[in-house]
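Okay, got some structures for you below.
Each of the two complexes below includes subunit A, the first together with subunit B, the second together with subunit C.
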Partner chain A sequence: MATTPVPGAAPVRASRMNPWVLAAGLAVVVPLLAILVLNLGRDPHSVRSPLIGRPAPAFSLPPVGGGAPISLESLRGRPVVINFWATWCVPCFEEHAALTAAARTFREAQFLGVVYEDEELKTQAFLAERGSSYPSLMDADGRTAIAFGVFGVPETFFIDGSGRIVEKYVGPMDRRTIAELIARAKGGAP
Partner chain B sequence: MKRLAFALLVLVALPPLAAAQVSRAPAAPAGGIGAPRSQPLSGAELDARTNDIGALLRCPVCQGLSVADSPSSMARNMKTEVRDKLAAGYDQEQILASFERSYGEFVRLDPPMRGVNWLVWLGPLAGLVAGGAAVAWALKRSSRNAAAEATDPASAPSDLPSRDTLPADARLAGAVRRARELAYGWPDGIPPKPRSSAS
Partner chain C sequence: MIPALGRTLILLALLAASGGALVGFATGARPTALGWLWARRLAYAFAAFMALANVVMEYALLSHDFSVSYVAHVGSRSVPTWVSMVSLWSSLEGSILFWGLVMGVYVAVATWQNRDKHPEYMPYAVGVWLACGAFFSFLLAGPAQPFATVPSPAMDGPGPNALLQNHYLMVIHPPFLYSGYVGMTIPFGLACAALLVGRLGHDFIRPLRNFLLLPWIFLTVAIVLGGWWAYEVLGWGGYWAWDPVENASFLPWLTATAALHSALLVERKGVLKGWTVTLVIGTYLLTILGTFMTRSGVFNSVHSFTQSAIGPTILLFLAAALIFSVVLLTLRVDTLVPDGTLETGPSRDAVFLVQNLLFVLFTFTVLLGTVFPLVVEAARGVQMSVGRPYFDRMSVPIGVALLFVMGVGPALPWGRATGQQVRSALLPPLLTAAAFAIVGLALEVRNSWTLLALFFGGFTAQVTISEILLPVRQRMRAHGEGFLEAFGQARRRGQRRFGAYIVHAGALLAIVAIGVSSTMGTSKEIQLRQGESTTLGAYALTFVNAERVSEPHRQSARARMDISKNGRPIGSLYPSMNQYESQREPIGTPAVRTSLTEDLYLSIHNIDVDARSVGLLVLVNPMVGWIWIATAIMALGGLVALVPSWRGASVSVAAREPIVAASPEGSG
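This part shows the complex of A and B:
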């Protein structure tokens, strides 16, 4: 048989969007988009430290340039400010002056620097040039930084007299911030 | 799926193992994770296990890299710590827990199976099941519709004129029938009965 077209044999159906399919699709896509948009500006590393409210990890580290190791244990009874820093960290420069000044003002608190992934000689040169009013400790194998859950520098921990971490501050601090957080660390002292 | 199966296996296998070994565990507890629950490792096994656990830890200073894969000094330090803990006899879960104490759940590349994390593990599976069900339902419905159309062609909604349609005007209708007779060879322009309208 020759090709005989059969007009109108296959009824053409208008394709219309099923509203239920549309609703189900939106129910999946809209929340995902909302989560994406709401978190676009968030740094994935800025997770709240699980150490806040917990006892600070114990350490005993030698000061830059040598000397007897300083342990956290030996500083019980007064607030401790532990600042993780490095000479290669630009925000740490900015913060250094504020910390040095604050350590002179708030004599009731013990300030400590912990050097994060840096060489002792460079650190010594930096401190000699800029001066410091508190000891900086060498954390050669990075163990203390890991125990404190440090992501980068500068990060500063405020510890109360009982050795509990009251707050963790990420980024360079100014004098006001330091004063506020020390006040909180004092409030938490027994 | 492989990860899920592995994690389930670990979950099922760990507690009895741990219980069996907890009785002889002398060394000093470190970082609030209790006494070592496993045997001290050394040599090639120590290297292999260090790498295994490093692959489960997120390097905190990297973008989505594991400690095993990252060349950063932070990751190197963390690997050293894993190694030391394995050599001291801590098991995988204790080591992961010790890092979790400082970095939070973030540090685990596989989210632990608890709380909302179950969503991450079971969500894709549930999605697959729901999607499969939706596809099956849609297929079933469309085949049912096709069957209904096959048995009752009149029910098929169509805006197009069917091949039986003729203009109301008698002269025009006659012309159309003649044209159909010429074009398709239908006697008197009347289409033959459809054999199967679904095809």
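This part shows the complex of A and C:
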């Protein structure tokens, strides 16, 4: 049975083009493909916060372990990367190495950590164990996180030299994304 | 070793599929027995290599071989064995591999079933299936490689997505969804073959319909399982939110349902051939669009498109499939000449047409709502979402209209009906319709759409039941059989029809239950301290205590709520809030008490174990349980309709020797 001969060739009818089918098909397919292609580069993690394009909220916060407060004002003129994080947040471990390395590589940008709903002692232990190349600040009453509209950690804000927020990124960062967004923050500098 | 073995199997599958696709198309154009033999062999080979690759991956997952990149990505020594097993579809790369397995099984079964039937069509069909198979093999060989070698493997891995372990529905939902999605490849290939051959004969519409019905059953169940999961796990109290992931599975379901009905017109009247083929092709394209929109089909992967080549590759395939389909339809749809004329007067035929148009309207409505946010963002750079109001406003009238059509169609006879026939068909069901509406009014249904749904639900219920009983009554009268005897005989003789009406019964129950549950529910948000109580409707709830529960992969805070209904205690519910190790936000797990009339649904907003306070969302959702029951009825009806035609198909093979293209239309 498996080798039953296939009887005579299929009757191939002359093809007539149906212009209506073509028009309807193109009317659906072309816009659909255009939309999908245009959205391909979109990254669902870069969330459009209403703060984007606006001046970043001002703050002046003490570093973890004590010391003189650091204010955003004092960092004008260069891109600033502000990473909201906590020791209880697993994705924050994941991105910690990438952020530490990036802060060493991109010397033109100032990296800052802002500790979100966490205790100073735990934070100190975390940084001692895993190392850090940039200051982390204590936001004891959570006011800075509220001003930035932080929804959960990690969230990272990219600020240009004039103090405007260029981009907000939700979730753990990797090296490539950090590089791309710093480049954008630099492009936005006056 | 294992990674290399896996990669070799994927490459062999790719070779078999691409070779088989070429052989299939060549044999379709210039039929030879040898070509058809090799097309089949390569189809089986593709299925075998895909199956073996899946076996190898399962072995790697179970033996914790972290030198395999996918195992390194999702495996963990600390999870139970069953979790390791189902990790195959817990993440993007593995789910594409699993997709290949499902596809292989479908292709092998469809090829085997038709190995000595439909000789003109089958080589083309196998060619199309294997072309699709070649694409997915390519995806696995390159962009989504699950078998990449990890140079210095770790001792342990992170384990799969925590949500997978949160609820058993998350484990069984993906296989159903894939079986629905992937299965649409088979009718797609058959429809393309009909276009390429230039004929859609009476004999060929049956395999097309059957292979559409099988994945349709899976897709129906998958959609509702997804909703059920959302209801039991997500804690906002509903089962359907019109989000893109849900819409992605709903869109092909709509076109497939339309095609199942128009195929009946092809079969009975020889009309709407081009239209049916277009719906089948559209269904497949929508499954690919859905795959693209949701990445893996189920999980919103943490890794976005920008970081992998999988998105662009699927998009390229989608573009190729869209262009191929439009060109094929443009050039060949006119070759499918009708064998009859479409009755447009009052008749069952005309109602079928209306039904089809309603389904297509529904499809475009949902598609527009799904992609509109993308249009706005591309054009204006503003993020927005269309949200429920649009979908609800559009889908409620269409759903009610479909409910009505589902009653009117079967009530009317095939072919043009006389005024007298129309009256005698449509007037009696109005009685049950009115009864349903009155019961609704008595139960304080005030929403006019829900009342309409009840009215038409009653109408359709009477028509459906009398259509199921019609042949039984005829037999009782003609043969003097008792009811059970006549019922059994009638079922056996008209099982396809019987199955179809069971599906209708399930569908009407589902629509009514959706209408009632979404308009008749009550809810309340409340903050309680330990010992405090609240009431909602007949229920009284007391917050007894809150406790912490520690499990290996999660920390939970759980509230014990004692429930009484009409003053009688009926037990305790334990809604909880879970913090998973790998998850950023805590996930609430609602507690649901289901009964046939209504669900009591408790979901935690906030809980403080130390301060002994809990914030709760309390809902009473009527008739939600009936949606799940209705789906089971629909799936059962589908199976009832499918099984005899399959058995019949294999019988007719034996009966129809020798195998010559013996279609009644001939080859003119």
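The rule is simple: the second predicted complex is superposed on the first by the 143 of 190 C-alpha atoms of A that agree within 3 Å, B and C clash if a C-alpha of one lies under 4 Å from a C-alpha of the other, contacts with A are read in each partner's own complex, and residues count from 1 in each chain.
Everything below uses one rule, namely that contacts are C-beta pairs under 8 Å (C-beta built on N, C-alpha and C of every residue); 3 or more make two chains touch, one makes a residue touch a chain.
Since the structure is predicted, the reported quantities are computational estimates derived from the model, not experimental observations.
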Now for A:117: first (subunit B), second (subunit C), both, or neither, which partner does it touch?
-> first
What is the contact status of A:16 with respect to subunit B (first) and subunit C (second): first, second, both, or neither?
-> second
With the two structures laid over each other on chain A, which partner does A:27 touch: subunit B (first), subunit C (second), both, or neither?
-> neither
With the two complexes superposed on chain A, say which partner A:36 touches: subunit B (first), subunit C (second), both, or neither.
-> second
Could you look at A:68 and tell me whether it touches subunit B, subunit C, both or neither (first, second, both, neither)?
-> neither
More subunit A residues in contact - subunit B or subunit C | C
Counting only touches as set out at the top, which of subunit B and subunit C does A:152 meet: first, second, both, neither?
-> both
Contacts of A:143 with subunit B and subunit C, given as first, second, both or neither = first
Subunit A positions within both the subunit B interface and the subunit C interface are 4-9, 11-13, 45, 47-48, 152
Within their complex, state which residues of subunit A touch subunit C.
-> 1-13, 15-19, 21-22, 25-26, 29, 32-33, 35-45, 47-48, 89-91, 152-153, 171-172, 174, 176
The subunit A residues in contact with subunit B across the complex are 4-9, 11-14, 24, 45, 47-51, 54, 57, 117, 141-143, 145-152
Of subunit B, residues touching subunit A in the complex = 31, 60-61, 73-74, 77-78, 80-81, 99-104, 106, 134, 149, 153, 156-163, 165, 184-185, 194, 197
Once bound in the complex, which stretches of subunit C touch subunit A?
-> 27-28, 30-33, 35-37, 40, 115-116, 119-120, 123, 197-199, 274, 289, 292, 300, 302, 304-307, 311-312, 315, 318-319, 322-323, 325-326, 329-335, 371, 374-375, 377-378, 382-383, 581-585, 659-661, 667-668
